[in-house]
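Next come two complexes built around chain A: one with chain B, the other with chain C.
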Partner chain A sequence: MSAFAHVVHAEWTKFRTVRGWVAGMVAAALLLVVFALLAGVSSDQKGAPPVPIGPDGGPVTDSFYFVHRPLTGDGAITASVPALKSSIPADPEHLRPGTVPWAKAGLIVKESTRPGARYAAIMVTGGHGVRMQDGYVHDTAGPAGVSARLLRLERSGDAITGYASADGAHWTKVGTVHLRGLGPTAQGGLFVASPPSVQGMGTSGSVSTAAFGNLRVQGHWAPGDWTGGQVGAESPGFAGYPANTSGAFTESGGRFTVTGAGDMAPAVRETLPTGGTLGEILTGTFAALIAVIVVAALSVTTEYRSGLVRVTLAAGPGRSRVLAAKAIVLGAVAFVAGLVGAAVAVPLGLHLAEANGVYVFPVTAATEVRVVLGVAALLATVSVLALSAGAVFRHSAGAVTTVVVAVVLPYILMAIPFMPASVSTWLARVTPGAAFAVLQTLVPYHQVASIYTPYEGYYPLAPWAGFAVLAGYAMGALAVAAVLLHRRDA
Partner chain B sequence: MPCVRPCQIPGSSRVAAAATGPEPGAAYNLRHESNCELALSAPGIVVAGLRKRYGTVLALDGMSFSVRPGQVTGFVGPNGAGKSTTMRVILGLDAVEEGTALIGGLPYRGLRHPLHHVGSLLDAAAPHPGRSGRNHLLWLAHSQGLDVRRVDRVIEQAGLAPAARRKAGGYSLGMRQRLGIAAALLGDPPVVLLDEPFNGMDPDGIVWMRGLLRSLASEGRAVLVSSHLMGEMQHTADHLVVAGRGRAIADASVAELIAAASRGNGATLEDVYLRLTREAVEFRTGTSTEDRK
Partner chain C sequence: MRPALHAEWTKARTVAGPLWLLLGTIAATVALSAGAVSVARCPCGDMAEVSLIGVDLGQALVVILAVLVIAGEYGTGMIRTTLTAMPHRSTVLAAKAAVLTGIVAAAGTVAVLGSLLAGRLILPGHVQPLTDGPTLRTALAAILYLTLIALLGLGVATAVRDSATSIGTVLGLLYVFPVLSQTIGDQHWQRLLQRITPMPDHLGVTAAWAGAALLSGALLLHLRDA
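Now for the complex of A and B:
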């Protein structure tokens, strides 16, 4: 073995022979599990309406006002949308006109009226022009630069093609989508959706009314009247209509006026507040970090308090090597504690959530592995940061306080609901707390206006980018510790 | 680092007028001696011209002496004379502004597995209170590539067996000294350096310690033992280095010191020591290096 291997071996022996330190690391792992347990048993949503699931397995919001007729086989529908007006609550009793950028009015072909069913739609929006959307998560922009108000949707088998036109003479194809498994009979017609309006740190339900003209249908539409109704009125992602409003449609002389609320979109945290996340199951990460910080800082500061550091450095005069050996041992132990704790906590938390009827935003197996490894890496890196602070301060209270303030305090501040988004986003970018991004499993959608803050589970940095911020701090602190360890007398 | 090292050849010490010199510091201050080569290749410790300052306090001011193999060298002097600082410098723990401290001709920081070359006891072993004495020795052994057999051997040698598996936090000072001795002997080193090993020892322990130090020297090891009490050294050391005001103010064999003492009006060894260190004692009223702990 090399001399460095001997130093690492010695530091490992040192670590494992102090019962309190081993207990502290075991406690870190247990805290992850205990918080998962608490999160699991404290929430009970048995009997809550099911969350609509989209074609790709993700949770969706599927609530809108639908004016429809069955379409059995191929066909087409054309209409103009000369007006789309939205209203936002000015106070609980009154509405005022406002802009809802993703308010939608247009034509749709949908497998059925069941929430979560496949669809393709072409629409005008409150602020984003003509769009063609399908499968809840797909969004295609229509022709830019022209105020296209004429829309057309054609069905041919399972292929749905959307067109837009400004004058009725020149049509631009926006896109074609295939609705796999679409049966012969689908529901087609007009729709209006009006997602919640983002106002400051919250959202409030909006309602929109669209005027439709020149409605023409071709092909195999069922004869008879148009049927109006709210899709997904009971679904958990639907906040309902503002006071004194409701979904409705009227027809007079070929002109339709449709009022609707809700959205057809992937569910985000704000629209599905009852949904849990992997990050919430791993809330114990911050507590585990505190345990790791205390153990890591004490493992070096106690050496200064007792004078043991002189024995250590007399046995290993290569001071950088001693510091590196300590970092390797602590980092490895913290990594294992995080890995074991998170690997137990995640399935346990998911199981309890399922048993209690709590919907958890689904993640792929790869994401689950990434989150568990992320927690382990977070604990390991913070242990190196705390070790370095211990070597710099040579004082337990100073080292522990500094690292807790640097790492855990930003997380706690980010967890305050009324923290301004600018502040929490800043904290999640520049402080070591940015590394909590490893817990995120939610992704923001450009076509859903919502509140994407760390509090809601959305971090400004990608998981490993956030982790890299912490790693930068840890490496910097380790370098400072190494320099000071060399310069100062032991 | 000075190109000419003031150094002391083992055995060439002087004690002229130890009891009568009006300026003990000047009388015993070592000057540049010839034949440094011999000292550099010697297996013991060679300390040459150490200077170190803590703020405005000059802790070491030209400390020079050497420690020969096969002898117990007592390192005495009042608190604040620079004994502990010198020992930390020898072990590469504290840096100096000037001077060198070599072990077998090498600086401590150049030693790969240093406990095979030098065993040391500082701060009464300073074990972590939550770790057993045996585990304290075990990690030290691992750091030197040694195994548990060596640990059990030195536990026996230091008389630590009954307490070895107890947490060091419950040890008496005497027990911690024994643990420190065990640690110092772990690598079976040719050089042993002990800072105040008699502190906290009960009478039995003191007798045991004396015997141990004598036997280490008789095995051919170079043994440096610091103490602030002359009495402890009288029956233990072959050679004495008296520190005062940051330098060696006397460097002589015990026999020579006693001979010098008997020449001056029936003074005792204690008197010699007190006279030698008188100015250093006054010096102690400033910030003492011992207080840093």
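Now for the complex of A and C:
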């Protein structure tokens, strides 16, 4: 065995023969599982209305006011949208005119009026011009620089093509989408949606009214009157209409006025507050971190207290090597504890939550692996940080408190409701708390105006970038510990 | 009791650690509070609670101080000298608790008043003066809270006898509970968790935690060899 392997072996022997340290690491793994159990059994959503699921399997918001007629086979619809006005609550009783950037009014062809059904739509928006959207997550910008107010949607088989025009003479194609599995009869017509408007640290429901003119339909539209109704009135993502308003449409001489609320969009934390996430199932990470910090700090400070450090350094005079060996042993054990704990906690928590009727934001297998590995890496890196702090302070009280405060306090501060988004995102970028990004499974969408803060489960840094911030702190602390270990007498 | 109190007070006074930790508590509390007030987006209504957010950080230093009062003695073996000199173990613990209560209450008062003053200077008009009933109540609650946290730390450390494990346990209790109650979706469980979380606005709960910790500490101190 090489000299370094001997040092590692010695550190491993020390670690595994101290019962309290092994117990601490086992406790870290158990805490992950216990908190997952707690998160799983403590939630009860049985009997809640089902969450609409989009064509790609993700949760969606699908609530809007729909003025429709059946379209059997090919056909087209054209209309102008001369006006789209939105109102937001000024106080619980009254509304005031406001800007809702993603308020939508336009033309849509939808498989059926079932929430979550496939659709393609072309629309004018409150602040983002003409857009063509489909499948809840896809968003295509219309012609830029022209205030296009004329819209056209054509169906040919399962292909839906959207056009926009400023004058009715020159049309620009915005996009073509294929609605796979679209049956012969679809519902087509006019729609208005008005997503909640972001007001400071929260959102409030909005309502929008659009005027439609020059409505023309061609092709195989069912004869008869237009039917108006709210799609997805009971959906969990629909906040309802502001006080004293409701969805409605009126028609006079080919002009339609449609009032609607809701949105057609992927669900985000704010619109699906009842949804669970993997991060919530792994809340035990915080408790496990504290256990790991205590063990890692003790593994160094105990040697100083008992004087064993002098024997250790006499036996292995390469002081950096001793520190590196400790870091390897502690890091590896913490990694395994985190890996085992999270690998048990995630399926267990998911199973319990789903058994209680909780909808959990779905993740791919790759994301699930990333989250589990992320927890393991988080514990391993924090153990190196705590070990370095132990070597710097040579006193467990200071080391434990410093590392707990450095890692956990940023998260607590991020989660304070009045903390402005700029401060909480700053905390999530520069403090060791950035590493909690490895727990993020939620995806922000540019076409959904919402609150994307760490508190809501959206971190400013990508998972591994956030982790790299913590790793940077750990490496820096290890370097400082190595220098001090060399300079000071043991 | 008087000699025991005198002995504990001498220990607290003549070691550098406690003084620095108390000064650190004051500095950390005021600094974080002032920072929070200056970045808080909305000067909405009463900002007294915001200007006391530093207690979240200050309590960590109070915990170190409280834990070291007894775990430090276990670490160095001094506890055997202490118990030889004063064989009444409950008296020793009571004296430690009394001295700790005194110094933490004093430092806590300075920290809380400093935080409120900082809040008043940074956002004039939004933090009410102490003559205002609710502000006075909030301030008193924060001071009492810090004192109770110190007693909780002392109780846990008496039972656990190791400083790192005690600090880990107490900080776990103080920091993990709020995180957990935020992530738990169910209203019923959330309320239950919030009700048993030690917090400045749950002084009864905090006192119960501190009392239980001190009681079990006292019991174990009697039953075990030092």
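Criterion: the second predicted complex is superposed on the first by the 488 of 490 C-alpha atoms of A that agree within 3 Å, B and C clash if a C-alpha of one lies under 4 Å from a C-alpha of the other, contacts with A are read in each partner's own complex, and residues count from 1 in each chain.
Rule of thumb we're sticking to: a contact is a pair of C-beta atoms (placed from the backbone, for glycine too) under 8 Å apart; a residue touches a chain by one contact, two chains touch by 3 or more.
Predicted, not measured: the structure shown is a model, and the values here were computed from it.
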| item | value |
| --- | --- |
| Which of chain B and chain C A:490 touches, first, second, both or neither | first |
| Which of chain B and chain C A:103 touches, first, second, both or neither | neither |
| Touched partner set for A:339, first chain B, second chain C, both or neither | neither |
| Partner chain(s) touched by A:17 [first = chain B, second = chain C, both, neither] | first |
| Per-residue touch tally on chain A - higher for chain B or for chain C | C |
| Those residues of chain A which chain B touches in one complex and chain C touches in the other | 20 |
| Chain A to chain B touching residues, read off their complex | 1, 3, 6-7, 9-14, 17-20, 302-303, 306-308, 310-311, 313-318, 489-490 |
| Partner chain A, residues of chain B touching it in the complex | 88, 91-95, 108-115, 118, 120, 122-123, 125-132, 135-136, 138-140, 142-145, 183, 293 |
| Touching residues (chain side chain C, partner chain A) in the complex | 36, 39-42, 44, 50, 53, 56-57, 60-61, 63-64, 67-68, 71-72, 75, 162-165, 167-168, 171-172, 175-176, 178-180, 182-186, 188-189 |
| Touching residues on chain A, where the partner in the complex is chain C | 20, 24, 35, 38-39, 42-45, 200-201, 274, 276, 279-280, 283, 286-287, 290-291, 293-294, 297-298, 301, 305, 358, 396-401, 404-405, 408-409, 411-413, 415-416, 418-420, 422-423 |
